[in-house]
Each structure stands twice: as structure tokens, then as C-alpha cells.
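Both complexes below contain chain A, partnered by chain B and then by chain C.
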Partner chain A sequence: MAAAVAMAARGCGGVWRRARQRGAGQPGPGPGPFPRGQRAVACNARGGAVPAGKSGLVPWVPVVGLEIHAQISSNSKLFSGSQVQFAAPPNSLVSFFDASLPGTLPVLNRRCVEAAVMTGLALNCSINKKSLFDRKHYFYADLPAGYQITQQRVPIAVNGSLSYSLCIDNKMSQMVTKTVRIKQIQLEQDSGKSLHDDTRSQTLVDLNRAGVGLMEVVMEPDMCCGEEAAAAVRELQLILQTLGSSQAVMAEGQLRVDANVSVHHPGEPYGVRTEVKNINSIRFLAKAIDYEIQRQIEELENGGTILNETRAFDSKLGCTVPMRDKEGKQDYRFMPEPNLPPLILYDAKSLPANMNHQQVINIDWIHERLPDLPSVKRKKLVEQYGILPEHSFTLLNEDGLAEFFESVVKQTQMKPKKVIGWILKDLLSYLKQHSLTVKESPVSSFLLADLLNLLEKKEISSPAAKQVFMELWKGEGKTPLEIVKEQKLGLLQDQKELEQICQAVIDGQENEVMAIKAGNQKVLNKLIGLVQKKTEGRSNPVLVKQLLEKKLSE
Partner chain B sequence: MGVGIKTRSGSGRVATARLSAQPGGPRSQWAAAFLAALPIVPRGVAARWRRAAAAPGEGEGRSAGVRRRRRAGGAMLRTSLRQVSAALKDGRVTPTELCQRCLALIKTTKFLNAYITVAEETALKQAEESEKRYKRGQPLGILDGIPIAVKDNFNTAGIETTCASNMLKGYISPYNATVVQKLLDQGAVLLGKTNLDEFAMGSGSTDGVFGPVRNPWSYSKQYKDKSVPKSHSEDEESNWVITGGSSGGSAAAVSSFTCFAALGSDTGGSTRNPAAHCGVVGLKPTYGLISRHGLIPLVNSMDVPGILTRCVDDAAVLLGSLAGHDPKDSTTIQDDFKPFEIPNLTDFSKLSIGIPKEYHAPGLSSEILALWSKAADLFKNAGAKVVEVSLPHTRYSIVCYHVLCTAEVASNMARFDGLEYGHRSDMKDSTESMYAATRREGFNDVVRGRILSGNYFLLKQNYEKYFVKAQKVRRLIANDFVKVFRSGVDILLTPTTLSDAALYTEFIQEDNRTRSAQDDILTQAANMAGLPAINVPTALSERGLPVGLQFIGRSFQEKQLLTVAKWFEKQVQFPVIQLEEVKRHDSGVFQHKKSASFS
Partner chain C sequence: MRAVLLGPWLRAGTGPRPHPATPHRAPHRALRAAPTAPNTACDSQQRLPAAGRDLPALKKVSVEVLDHLEQLALVDFRDSEGVERLQKAIQFADQLHEVNTDGVEPMDSVLEDRCLYLREDDVTEGNCTKELLENAREKVEEYFVAPPGNIPLPKLEERETFLQGSK
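Up next is the complex of A and B:
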């Protein structure tokens, strides 16, 4: 994330300056996506011809809008009864309709409509009580009907907004909240997958995905850098996962993000935009957008023009490249889908009496049953447990972590503020090191709570607790208490024994004792450390300090 | 996806039934009374109207042994569906016997080219199953054991579905259209798939890849008596008339007694037009009443499965067994449909018949005009209110239909790219060139032409100018009907076609587009508005060919529509076709590219 964060620090003020400024003392973005050598040459060449003030200081305003396709989490497809499943054997989930057999007709999946309504409500959209389906035509091997059924004219939800937070200057403590407008959410079909076999010059088509329900979420161009876009998408992802309307796993293609990027000078109209595709992680999204912004600025500053084109992000090279566009300047020849009547939704007011409830979707009913959204959950965590706001973000960003935290808190006497440290510093970093999810953690919330209770009751020292945690991580099925006993990590409860050890340390360190007595209290820490060493960490440092002080003052 | 190659097995040995001319029955009492009441009638028409024939099944003599059974069977084929159903129930004929007779007649009338595929084996199996049910005394209902035919644009599991196109030649669907499934579930015996214009685009049943359908009336005594032959052999080959279309195969099949009912489809008149030319009843139900699932679409927003039968009562039977909500077709209405028997029309005082003046269209033949006005008088004399009404936007219907139809065609045909099913070209230079070659080889000029214009109308810069405008005009056309019905009119009475059936040699002088535009003019407005409409065979023209009139009803008021149609049918006593020379035609006089194939 380093490169993107560095860019964000510069860019999120809303105005970008030419990269050349970097030369003037600012740190570069590290092994980032920018071909620095090339640009330096270009800049120098141009710098000679153009007044410095103009080329170097006229600010650029980047504009970023997003089109996000979220695969709806449902048992069956949008218009057919075929199952939806990731990585099933090719063409094993294909109904007659999915393969576009002549004479087949679409039948709308209620679950997909409900998912879209939920998502629309969660994104503060107004839900259209009447929405329409359209056909969008283009020939492609993985689009069997030759058209996609989508909602071009009247989508199911419009005019919403999404609030997201991001940190400034890469400091978790400085977070700002921003809002992006949601233009619309439309229901549409996914396409199949084409697999090109270049050696045999074949294209293999897998229709398992063909016809799966998608929600296309269109975000207005209210963002201005990769970091903002990434934060907005992350928040959307959390919302979708909370609602259960999409699993939204980018790596599995359940969440696909295309970015529209342009730059212009303040006060001038928006520049020509490019569309960046092929972005398959949130990290790459930030990178791709920032690269594209920088590329456009350089292109324009070098006297070039921006083409209205589709570009693909190459994650290996870290740059965007023009895409051989399958759609090109195609005319999609939109047409109303004649086989689907208008989609009518009801609310409590408009719901007709005597209507079969299986046949209608009641917006109010769905609204009342929306789960707590991430923003609400975070607020509750902060209020209930007194943790820092930024910690609430981290808790929600990891699937299941907030629940894990709450479960530990319930089972221990330790204060939540102290628990959060264990959760974020110990558990989370171990999980990250081993690339595990919270669910896969070998240390359960029960075991961690047990451990924290030992610590809280002062039966073990903090370093010993860390040792026990490492043992627990091995997942050998031992309880913290068993580990403490086995490895003799329990604190020395025998006061006399501890006093003897303290005395032995004092007796062996004449110089240090002299220094302390001369008034250098800092040296006391050394003695404490030695006691700890002798007790193999099993002594309570507070108690040791008291004993030493007492003995030294005798 | 399973695109299998159908294996053609040898034809089964089936007893051959003969069609023989039946002696005319007693002259209809009505005809005489009617003529007396209406003195001003063009001579030719009057002659036709007087030629009232025996009611089906009447006037049959008894003879003994095999000959008797044969004759009974032969006559049986000319009865109505309801009558033959009663015969099955009474054991006067068995389902297998009936099926065999139909199959045999299909063979002897092969020259009509009504069928693309004859499903002999499966039909006999179905008949056998039906027979078991009858033996157990547990038939599934009125349709059990009834031989039917289905237009070849309905999917039939295991039986080729071609749409009369190279694109789908050899295509075997893995599923049944809902209407086909319903028929089979009620015990009907599916004889085969009937011929049509490619993808139902046409009004002659002349533009399919398997060749044109010949109108059975071309070989009727009635037609022959009227036509003046030049030289004998030349006349035979050039004197046949078209069936109309695009459901010409289904109309010809019902008309030539090879089945008791057939499914067609109706987008702009494709059921009613051939019904009129072939002298059968053709019902286009209200849009949304019958499922389109499995019907290979022409224009989704106008397509309706059509019903072709020998009489109005039979159409009501079929309607009752097909109508109703289908979860697989979201455009079918949710309300339950109650099958009905058509009541007798007795109270005319509350009946208001509208005569839309715009249907007095250019090109309307004088004899049809006369028939139309006679029919109006018939209602008037019975005590109904007959009023002239105006549907002012009807004249924009053709051009409006052209835009909407081609746009949907362009969209619907996009799926035929050679990847999942159907024809695939050998062209392998690129995916795009494969698409192009596949579609060029798979579709005929008519289909390609409509795709081209449809795509033009849907282009971003044209969409508002053409498609949106056409939709608005469509709304106006539909509103015309709403206004008329709101004014108190119950049923509209119009001609179905401008004239009787054209000679094939004349018909093909004009291109498909011109023909479709002319021929759909009186029928397509009902599709635009989604209204139920029915062709009732009314009389024979001066050439001895059938002419029909059309009744258009209110949405979902099929019962009222059929009640009026049935009364009218009873009054006009349309003559039975006299196919006396069927056998001779079967003996190889005619050469055909392709007709029925047996599977």
C-alpha cells in the first residue's frame, strides 16, 4: 500500500501538481508504478521550452468515477433456475435459457431484486417503484443471446450516497469522512467466460457465469485519487457483505471495479476521460487510478491529448495500457426487453390489499429488516467499548474480527481498551503473517479470553502471556493454564523466594547499588531486568520494584 | 449443448386411408332464408353461399366389413375434434387407428408440403398409450388420442424444430414448448411439425427452406370446377394457390383432414390469414393468455400461439386446454382461465357489432366487400346493433409494424451465431468471420433483410426517430380499439384478407416484404393491440376458394368473441372441401424438393 498512500498524501487535497515537484525534495513513491526515468527526460525537455511557472505550478484536478459490478449472492441466476457457484466444472451450471436456446424466456429471480433493493436502501438511494429491463446488444462468444438484459432506461435504484473514511498523511489517527454520490444501481446479467487458447487458436467458452445476477453501482465522479476510490470501494464491499447482497470478493470476481479517470485545470471543464478496467484488488485499484492520473497529466503537459479509450491495468508492470476494446465504438442498439413486464415494487402505502405476499416486494418491509451497516457498527463499538475510532475501522475491515473482539471482551475481566491491543497487535499481526482469516485463527476467542484472564489476575506477566500466545498459535489443543504450568511461566507467588533473588541481585551489583544510592534511579531498571532474567520472566515487575526499593532503602 | 443429428428411420407400414368425395348433405335451411332476406347479392357470391354442404359426419351410409371400417375411418377424419373425441370415448375408433389413418393421409397428401417433419414413431407410441388409457376407462380428457400438428417454430423435445431455416435444420430441442407440453399432458397425439415461412416471416408459407405449402383447395372439386384449364399438365402444375401464412402448413393440415387441430403462431396475422385462405377457423387469443415459452419468437411483444381448427367449438376446446398462467412466461396473466363451452347466442338486443370503416382498404376485392356487408346485415337482421366505427390510426399500422417487427427480429436473431446450436459455418478465420458466414448461410434474404433494417432502426441516432415513434403510434392504434370498445361496441367485424388465395406463380412476383405488408393489413392491428381475433370461414369465392371474415373482441373476452363467431359459423354453413383426386396427386405427378420426412 506504500506507493498509493504516498500518492494519496499528495493528492487528496484535491489538487495535483506536476510530478516534477517530487524532485524538489519530496520523497518518491518508492517502487511505484511510474516510469520515472522516462518522465524526467520528458520534463526536462519540456521545461526548457515552457515558462517554469506554467509547466510546473498550474495545478491539475483529477476526477475519478467508478462503475462497480457486484455479483449478487443468490442460489440461482437472475433469470433462470441454474445454480450460482464459483469454480464449478465448466458449463455445469447452464440452463436452456442461459445458453439462449431459442424459445426460452427470462423469469426474474425475486432474491436478486431483494438484494438490489437492500443495497439501494443501504446506499441511501430512492428505490424506483417501477423499473424497466432493456437489451444491450453486442456479439461476443460468452454472451450467448447476443444481448445482455440490463436496466438502461429506468434502473431499480437512483440518487444515493456513500460515506467513507480515509486517513490523511498515512496516520490512522487522522481520518476524514467523505461522500460519493451514487448515480444508480441497475440489475443486469453477467456474461460467461471466454478462455483463449492461443497455441491451438481456440476460444473455449464457459457459461457457468452467464446470467448470474449483477448489481451495477454507478458512482459519480466525486473522487480525486486512488486512495479515495479504494476507501469508497472498501466501504461498499463491507456494506454488501453486511447485507449479504454480495459476497463481494474481488479475487473471485464478485466485485469488479472499472474506474473513469480524467484531469483538468481548476475552473475548466472536465477533461477527456479514460476507462480503466482489469483491476482485481483494492490495492491495484488505487495504484491503477494514481498511475492513470499521473499519465494523463504528463501526456497533457507534454502537449499530447487524452483519448476516450478503455485501458487495462497491468498489475505486473504497475501501469495502464490501451485495451483492444471488444466493444470499441459499438452502438449497443438498446431496446426494451419485451419478455419482462415492468418491475413493480410496493411500499406500505401502495401495497394493494388482497395481494399475494409471495408475488410482491415491499420496500418498507425490507427497510425495517436491514442489518446494522458498518458505519453504525463502528459507532457502536466506539461508544460501547471506548476504543478509538480508527480501531473500529480495523475491527470491521477484517471479516469476523469485530465479532471476535466482542466475544473476547464478554469472556474476560480485562478492559476492552486493553483487549483491543491484543486483538490488533497480536492476533491480527499473526493472522496477517500467516495469511489467515479470522475464522481460520488457531487461537479461538475463548482461549484468548482465558489467557487475558490469567494476565488480568496477575498470574502471569505480560511477556509470559506473549509466550503463551505463541504456544497457543501452534494449535496443539492446550489451554493457556496448561501451557503456563508446563513451561513454568506462572509468576513466583512465593514472596520469600523472590526476596531472596532480589537480595542476591543487590549483593552481586555493588556498582549499580552505589549509583542508585547516589540518586540515579534509572539504574534500578537494570536491577529489575536482572531479577526478571533470573526468574525467567516469572516475576511481577511491579512487585520486584517494590522489593528492590525497600531493600535498597534499608 | 446437444445439437444432435436426427436419424431418419424407414417409414412404418400404415394402412392407407382414402379420401373420397362425400355426397352433399341436405341444403341448409338457413342459406335459403338468408338469401331471401338479402336480395342484393353479387351473383358469384350468392352461388357460393348456396353451396352449403353437409355438416361434418352427416349423411353417411353404412356398409359392411373392412370397407365399412375404412369408410367410417375416412369419414372420421373429416369430423370435428369434439365429434372424434366422442367416437374415441364410445370406442367407435381407437386412438391407434385414428393416428394411423392420419399418418396415411399425410403420406397421400405429401405433395401439399404441409409437414416438415412427421413424427410417425412417437405419434404411434403416444396413440398406443392413449389406447391403454381408454381401455382402462381413464382417458385424460377430450384431447386424449386426438391427432394434432404443431407449427415448426414451437420447440418439441426429441423432434426436429427447424423454423424452416437452414439455421436450425437438424436442430432437436431438449424441451417442449409449454403449449406442446400441455397438449401432450392431455393425451394429444403429436403427428408432426408443419411448414411455414422461414422463422414465420412471411404471409404465403412460400419462403421456407423446405419449399412452399400448397393450398389443399387447389385440389378441391370446388376450385377445379371453376378454373378453366389451358392444357391439362401445365394447368396442374401452375394452377395451385398458396395457403397464406406464415402458419400455412398448419392451416393446410387441418384443411386437408390430416389432423384435427393444429398450432400456429400469430404475430401480424399468421394464423388468421392462412386460416382464411384454407377455409378453417383460426384463433389468435389475447396476448398474455397463452404461454409463449418454447415458441421461437418473431416479435415477442406481438407473438401469440394460434389455434387452427375445423370449427369454432373446437377452437374453444383447444383454448381451454392451452390458456392460463405459465411461470416460464412472465407476460402471461396471473388470473386463472376457466375453460368454457360456447353458449348459444340468443339475445341480440345487447350485442353491438362495429364495422371499422378503415378496413375498407384499397385492394379489397368486391366479393369480399359484399360478403362483409352481407354478414353485417345478418347481424342487423338478427336484432344486433351494427354500427360503423373508426379506427383512424389503422392506416399507420403497416409502417409501424415494420419498424417494431424488424427491431425485435434483429434482436431475437442475434443469438443465432453458430456457437451454441444450429448451423455453424466452416469459416474459421476469426470468430467474427465465422459469425458472419454462419448467419449468411443460415438465414434467407427475408430474415437478413429484416435484421438489417431492424438494426438500423435501433441505432442510437435513429432510435427516437423510428423505434420510439413507432411505439407511440402503436399506442395510438391500441387506443383506437379501447375507444371503440368503450363506446359500447362488443365485437368488430372485418374481412380477414383482401382477396382469396393467390396463385403461387402470381404470389411470387412480388417480394416478401411487399406481400407481408399487403396481406397483414387487416390482421396486424389486433396484434398491435394484443386483442383476440378469429377468422371464420364464410364462403367460397367465384374461383371456388375460401374466404373468411374476422371478428375482433375485447381483451380476454374470448368467450364473447367465440360465442358470436360460433353463431356466425352456424349461419353461413361453410362448405366442406371436396378432395376427390387426392389419390391421383399422390401417384407422382408432382415433383417436390422436399416435403414430409418421416422420423
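Up next is the complex of A and C:
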């Protein structure tokens, strides 16, 4: 995950050019159409000045818009009482309505409406107090009714924004905040799942997912490259998970992203866009978008045209390919859903007096109970602990890491600014190496705090602490103190013994002593090193230096 | 003959909405309820006169529109009589445009004043796999079986059923 975010977080700044040099010896389908170093990207799609191409090629401005479907985290489906659950026996979570048997009617789930309102508020949208449901018609085996109930004309939330952070250059030292506008959020039904059996030329249909509530978040085309899109989606994912309105795990299909990509020259109208589907992770999202941008640029520079088509991302080859089933523009024949009256939401002012509480959704009530969003949490961490914004970004990016950090800080005297180093450099890198989540860490916050206390009390040196940490990682249940005792890593506490050793070293190194007394201070380090050797690394170098200097000046 | 869904959404090919120009038109003439049998409105024998005037002009539906409709809704107009029936149905529905709706909010549901009932988020249904699969002609281990993807209708020229009985 950190790799994906690190990649996502590197910002753009420059101009897209046809970066790949055509010629002999072109490598086969590799990791992407261009090596990272050659690429520079124009990220001023909203009309900002784009620098002219160095090589004389006219610059391209890529435009990226996203359509995101987030599965609502609820017990039952949007319009029926069947259970929502991942991986259940086929067609076991299907009611008569979900199978669209005649005579069944939709009944709206209150929890789904609340989830959509929460999400709308978190994304700074205006919540429509009156929204309508429509039918979107198309034929497909996993859509038994032949239409999907959605909110095309008047959705539940409109005109919001999402702010996300990117790092310029690879160093994670400078973060820049960007914003993408949210056009609307609408409630809609999910379709069932089709399993294609090509050998027997048939499709197997499982309707467990049919009718599950979705929030479709439509973003305006304010982004200009894969990294921006990935960062925006990552932030949305964190927001949804914080709100609890969706678990937003892409791998389980709870968060699906389709990208609309086009390129044009600055000052000219937008180019023809293609839709890219079948993107299964945030990392692939960035790859797919960047590939598609590059493909379109090459196609246009070679005199070709871009078709308004739907393409699928092939993660193995790292490229997009045209999808067969969707040809030309679909005519969905939208019509109002005749079985559902308008959805009316209330706020503190318009709250009706005599209505049953259960039938009333109060936007203000929900607003008051929104949890702290990731951006707010990050600010609080920076203010409370004095860590850098980049640090809080990484803390929130790993599930459970911020809580771990705060827990360690509570249990140790070490300053948070020092603790953060241990969390981000030592703990996190170990976790990544072993592909573990914070929850699976063999080193608990208690053990780490214990270790840091030893370090803080100067009972061990910093290198020794790293050694203890490595030992703790084995998860054998020993405490830091036990390991220190076992491996004799404790710093020598006896001042007299240390002084004796220092004296012995001075006595044995006449030449070096003369050089120091003559003014060459660097030789002192050699003496410190010798003391360290004699004490098997158990001396505090600062203290040793002081002692040696004192003795040499006598 | 399958019933065809009509309405302003099927305006393709029939041009923009006619502008109510003449002042003698009654502003809110209540539309007579459609006859009970769905086909009689299209039947050439029966015509419901509009306040003493003729029905609006009969508009021809082009072959491209018919093809498009067949693809979208999988209806089969079959022959020229079917197409004529369609055209008469559109003509009948065009009477809606004669009503002056200036300044009137469109109504898209007779339920607009009703309360939309909100259900509690409890699991109350499902677990009826066996019953549901009884409806399936073919099944494989509790999955419904469908053909592999949508089989698109053949192009207009190659279609055998398109307007079979006509010229």
C-alpha cells in the first residue's frame, strides 16, 4: 500500500510529450509504455498556463474524470430485505424482488439513504431535500429486471469537492493540496455477477449482488494524470472508511472506478474521450490512466483518431484493450421509477412535527454526528504531536498506524518527534518487508514503548536499540529488558570502569594522543572507536568523548 | 404484438414539440382516459376527436428509428400494419402536446404527494435458492445459465424478421 501511495503521491509538473522514442530494439510489453524518468506531465487542465514543449512538439493536456461506485455498508439491500454479504453460496441472498419476479415492489432502505447523506456532507455537497428515482434500461443477464433503479435526474447530493494531497518530487518533503469537484452522488442498485464460461459458451449468473446499494460518485474532469486520480481515490477511500458508509475495499469489489480519459492541445476544445474499465486496484488505476493518455497521444501524433469507446485495462500486459460488448452509444431510455415517490429529507428547520422518527431523515442531525475526516485527523496529529504533515499523511495511510503511534507516545517518555522516526522507518519498513498489516505486527505498542524508554533513559545505545527491535520482531515473547540482558547490550553504567578503559586506551596510543594535543581533533574519533571496541559497543559515545577530552586536557 | 412504451422519450425522428400557436385552444382540456383495451387506441376504426378537431398530423416513423426501437426494446413490428399501428399510437399520444402547460411543473409520478416509506436495515428475506431456481430452464450448481454475453441483433440488412410481412 505504501508503494502505491508513494507512487500516487508524486505529483506532476510539466508537459506530456511523446516520451517513447520509436526505433529498433523496442522492448516488448513491459511495465509501461515509458520509463519514469522521461515523463513530464501538464497538470493545468483547468486552463492554467502550460509551458511550451522543449523539443518543439506542441504540448498535450490530458483530462481525466472518474466515475466511482462505492458499495454501501449495510445489512440489507437497497430496495429489499436480502442480506448483503461477500462470498456466500450462489443465489442464496436473493429475494423475489431481486430476482425481479412479477408482483414485487422496491422498498427503500433507510440506512442506505443515511450513508449517502453522510458521504455527501463529507464531500461538501449540497444535499437535495427532494430527490427522485429513475429507471435506466439495458439488457444483460445479470440485470434481471432489464433496468436499474438509479437517480439520474435529481440525485441525492450535488456540487461538492474533494481535497487530496500530492507530493512534488519523489522525496515526500513537499506536499501540495489539490481539489477535484464532485458533480453528484446518487443512490443506485448494483447488478448481479456474471461468470463467463467460455468452454461451454455460457454465462453463469449469481444474483447475490443484485440490488445491493451503491453510491455513485461522479467527479468532474479536473485531474490530469494517473497519480492525481490515484491520490483522489485513495482519499475518497479513507473518507468512506472513516464515515463507515462503505468499506471501500477495491479487491472485494466494494469500490469500483471507471476512468474517462482524453487529451487535447491547450486552447483547443476537449478531445474524444475513452472510458477505461476493469481496474482492480489504486496502483492499476494510475497505470491504466497513464497508459491510456500515452496511447491517445501516440495515436493522434501518428495522424490517427480516438474512438469514443470503452476499453478494459489488462493488468498483466499493463495496457488498455477495446471491450467487445459495448458498441456505440447506449440509449438507456431513462424514465421515472413509477413505484417510488420522491425521497424527502429534512433539516432542523423543516422537521415535521408529528411524523414517526423512523420515517424522518434529518440532515443536520447527521451532520452533527459526522466523525473527524482524514484531513482533520491529520491536522490534529500535526498540532498535537509536532510531527510533519508528510508523517501524518503516512500515519493515516496505513490502517491502524496512527492508533499505534498514539498508543506508543502515551506509554513512553520519548518525544513524539523521535517516536515517529521509529514508527515510520523501523516498524513500517519491517511490516512492509513481511507484508503484514499493523494489526498483525509481532511487536506491540507496549513492547515498542518499553524499548524506547530504555533508549530514552540511556540504558542502551541507539544501535543496540535497533538490535533489540530486530530481536523483538521474532515475536518470541521476550521483553526488551530481557533481550538486553541476554545479549549484554546494556550501556556500561559504571563511570569508574569506563574511566579506566579510557585511560588504558590513552596510554596505549601515544602517537594519536600527541596528534590530538597538537590540534588534530579528528583523531579523537579513533580513540572513541577503540573504547567502543573494548566495551563491545556498550559505551555511550558522547560520554566517552567527554571523558577522553577531559583526560587529554589534564 | 408487444405493447410499446410511448411518451416524450420516444420523440426520435418526429421533430421538436409543436408550439401551441392558435389562441382558441382550451388551456387545460382534461385528457380522456385511454380506452381499457390497449390496442383499440391504435385501431384505425376508432378515433377520439380532440374537442371537435382532428388528431394531430400523422408522422411517419423512419426505418432507422424502427431498427433502433427493435434493438433497444426487442419488440418486433413484424409488418407494415404493425408500423401503422405504432404511428397511430404516436399520433394519439401527440394530443398531450395540445395542452398548454406554460408555468406548470411537470408531474412525473402520481405518487408525488405520498410519503416514501423507509425500511429499517434488517435482513428479512433471501435464502430461497431452491424456489428461485425452479423458474430457471437451465441451471448449473445453483447458478442461473445465460448465453455468453449479449447477442446483438443482426444488422438491418441481414435481419430476417424485420418487417417480414410488408413490402
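The rule is simple: the second predicted complex is superposed on the first by the 458 of 554 C-alpha atoms of A that agree within 3 Å, B and C clash if a C-alpha of one lies under 4 Å from a C-alpha of the other, contacts with A are read in each partner's own complex, and residues count from 1 in each chain.
Here, a contact is a pair of C-beta atoms (placed from the backbone, for glycine too) under 8 Å apart; a residue touches a chain by one contact, two chains touch by 3 or more.
Note that the structure is predicted; figures quoted are calculated from it, not measured.
Colleague: So, does A:104 touch the first partner chain B, the second partner chain C, both, or neither?
Modeller: In the superposition, A:104 contacts chain B only.
Colleague: Quick check for you: in the superposed arrangement, does A:335 touch first (chain B), second (chain C), both or neither?
Modeller: In the superposed model, A:335 contacts both chain B and chain C.
Colleague: For A:135, select first, second, both or neither according to whether it touches chain B, chain C, the two together, or no partner.
Modeller: After superposition on chain A, A:135 lies in contact with chain B alone.
Colleague: Name the contact category of A:204: first (chain B only), second (chain C only), both, or neither.
Modeller: In the superposed model, A:204 contacts chain C only, not chain B.
Colleague: In the superposed model, which partner reaches more residues of chain A, chain B or chain C?
Modeller: Comparing chain B with chain C, the partner touching more chain A residues is C.
Colleague: Tell me the contact category for A:258 with respect to chain B and chain C: first, second, both or neither.
Modeller: Neither chain B nor chain C is touched by A:258.
Colleague: Classify the contacts of A:147 with the two partner chains as first (chain B alone), second (chain C alone), both, or neither.
Modeller: So A:147 only meets chain B here.
Colleague: Of all the chain A residues, which ones make contact with chain B and with chain C?
Modeller: Residues 96, 99, 101, 107-108, 137, 139, 141, 203, 205, 331, 333-335, 338-341, 359, which sit in both footprints.
Colleague: Could you pull out which chain B residues touch chain A in their complex?
Modeller: It comes out as residues 1, 154-155, 161, 163, 168, 173-175, 177, 292-297, 299-301, 327-331, 334, 407-408, 410-411, 413-417, 419-421, 431-432, 435, 455, 458-460, 463, 467.
Colleague: Where on chain A is chain C touching in the complex?
Modeller: 74-76, 80-83, 89-97, 99, 101, 107-113, 132, 137, 139-141, 194-198, 201-207, 324-325, 327, 331, 333-336, 338-344, 358-359, 361
Colleague: Note which residues of chain C are touching chain A in the complex, please.
Modeller: Those residues of chain C that touch chain A are 5, 7, 9, 68, 72-74, 108-109, 111-129, 132-133, 135, 140-150, 152.
Colleague: What residues on chain A touch chain B, complex-wise?
Modeller: 96, 99-108, 135, 137, 139, 141, 144-147, 203, 205, 331-335, 338-341, 359
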